[in-house]
């Protein structure tokens, strides 16, 4: 069947960091038929003393979860070692904003066949971003671009989500383009607005952070939706989708 | 009745510069029932030798046009003198991006009762923009904010339209908020996408440049829609509006 | 004789806002032979309720001061009215960052013969800045450019002083170029470093804020040097100047 | 003895890419007593089809050169593999702007004892940069920060060299701070100005690109000084240094 088809709007949701099996079970229960789950097992943190992800222990626990549950795991690689470590558990590989220019890692990703979501660098131009994608592209894999906000002078939002890029890329390239309104704004109260705008502008889906208890999240607590909020968001996007000739998949 | 009601999505269109009566007649004919027309009579140009608007002559011609046609004229003031000169012909006053910080002009605008569209400064923070609006605000008038793109490192588009600002302002303030996708992107091929996204995100309307012959426009030729393109845009926004509980007015 | 000669490094100092005669007398006393004084009589403030300058009252008091003291007053025009009001008291006219794009005001300045210091707009490109200068330039007057920091993502300093612009302009144009390290950084502890770097890079002088009692300044208190700090700064620049074939004038 | 002492201003020069033994011999001959040489053996290029460095072959040739010549090699690591490969030939390790956020690589660098020059990310805040340094810092090694220009809206220079950062870091942290005016501006005609300003502001040295034949350089040809230009630059900085209580080392 394949992912990211022309007429689908894909909602990939989950916690910023994978913190334990209960967290994921609650998430999957809430969405019932969830197909796509994002969860960071390796984390890149500005501060070296911040939580760096469950890593080896997380892979083990995630493998156990996948025995009983059916979902596509989207998770970030942060190095060649993590790519090797994740290979049996991850379905769609994410390259984070901090590694968009890590060309040695991108070259490695061109040698494998899983789809790769490539986030835009913090202040990457569109040309740099597309050229980074070309490092990964091969006959075997698919690269999906993900706009996640650029750095600007404005401090009301964590980053400045650049929807112009989505319009530009959808018209000038053949890449599928996702939007991450969670990192893009850093404000839960803006996520639904930006998600609807993403659909209206022609994006192929969103990557959105949700947590069964945001206040206790080990990372990015302030930008995670609660599970009921996530369910509401999906419902609203689902109602809107037909007017944009799209079908929501999540 | 009033402008910019809660459930309306207002499309203000017209040429960047007012160049003559035929230009406007063709525009109005094309739209048939157009209520809102934008046309610059005083122009602020980066280069002192560029066309600076028809000015006195333009006011005379515009007055003549208004005798036979029924429309609200949106036009930019560039100084106190131009405010005085425009007062009998303009219905809604526009303050351009270059004058957002021109507080002496803003104070003058607080003394009159016409609605004022205040464009965001090139790199104005939301706080600065809202505080500029407070210079104009009075019991007698209404200030409408207009997002028109901020300056960033990206060169694929003339400016980086910041839809985040619309979401933020609609939720945190009581201002009506318009979007100018023409200046916001500088690319005609992106205008429809960004207009739809503006509606989806909750904007109260758009300000869009159109010209009966873009190739010969005296300013901003590259970002003006043709009249058929404008009509198509209005039609598409009109179809979309009910799904966002809006009614298109233009 | 004239200002801003090729081999001089001009230090223009004074308070952000003119607050009263004692303030200026203390300043002049401290510097003994000060030739250049900056003091704002009309102020442009982000918040409409902030102190807007002494205005008419300030002009009166400044005139009185000039009877007894010999200095060149550098002061900002904020509108055509303020230009008219200041004309008997100001020696060198300053156009602030907020008015760099106010072309109607710039045109008016081309009709008079006093030197004009044109600050760079908050996010103005070098091309826009030079073209703004061309609005003012005439056979009668001199335009001096003043770099005062651009807007960036960095929040450790109020603005990001762009010394690259000084090097570029000095090599590619004939304009004299000043630097304003006070607004450029907003941090008193950085002013001396940036002043020395300005001299080293080839700037023609600096515009620096000082106050006899910064803690009580009515505007920009946090970036004003004390008078002893200012005296120390002048001394240090004076020692350095010969190594750059410059003579300090202040 | 050690590198980067308090009273030294260190000039590290060389070609962007190591292209062959003759290139380096000409460079060393020109400078006679050069102690510090920069030369990229592994290159990170925006376009995957651009020259990626001599890599294994370069290490072999560089080793041969070091048998006959006495210099400290500064060269960039681009991955853990390249760190391993370079370990016998490199004296001071450089982390480029694209890898400042590559925390997995930074952690690896904390386990070795060679000095590490950490360039600022393209739009990294000072806080992020200092925190990245803390990933590398250990009891065994020394981290030196290198300002190399941030991304802004200005297109006259490749990047906007941010000397404010140098002043801030020298006063608020204990790190040695270098400046790279070659990448910082991308214009050879600006390099001397910015180098002098770097010395004036308190930087501990510069990293500058030079090539025996810039027109034929395999990367960054437009920003490389010729060898005579480099010799002139060193001479001029040498004359200036005593006035800043510094001694030039190169």
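Per-chain residue numbering starts at 1, and chain names A, B, C and D are given in the order in which the chains are listed.
Everything below uses one rule, namely that a contact is a pair of C-beta atoms (placed from the backbone, for glycine too) under 8 Å apart; a residue touches a chain by one contact, two chains touch by 3 or more.
None of these values were measured; they are calculated from a predicted model.
Should one ask which of B-D and B-C has more C-beta pairs in contact, the pair is B-C. At the interface between subunit A and subunit D, two copies of one sequence, more than half of the residue numbers in use are shared by both copies.
Computed centre separation for the pair subunit B/subunit C is 35 angstrom, with centres defined by C-alpha atoms.
Averaged Cα coordinates give subunit B a centre that lies 49 Å from the centre of subunit D. Touching two or more other chains at once are residues 123, 127, 151-153, 155 of subunit B. Interface residues of subunit A, counted against subunit C in their complex, comprise 151-153, 155. Within the complex formed with subunit D, the residues of subunit A that make contact are 44-48, 78-82, 97-99, 101-105, 107, 121-124, 127-128, 131-132, 134-135, 151. Touching subunit D in their complex are the following residues of subunit C: 123, 125-127, 150, 152-157, 160-168, 170-171, 184-185, 187, 189-190, 193-194, 196-202, 240, 243.
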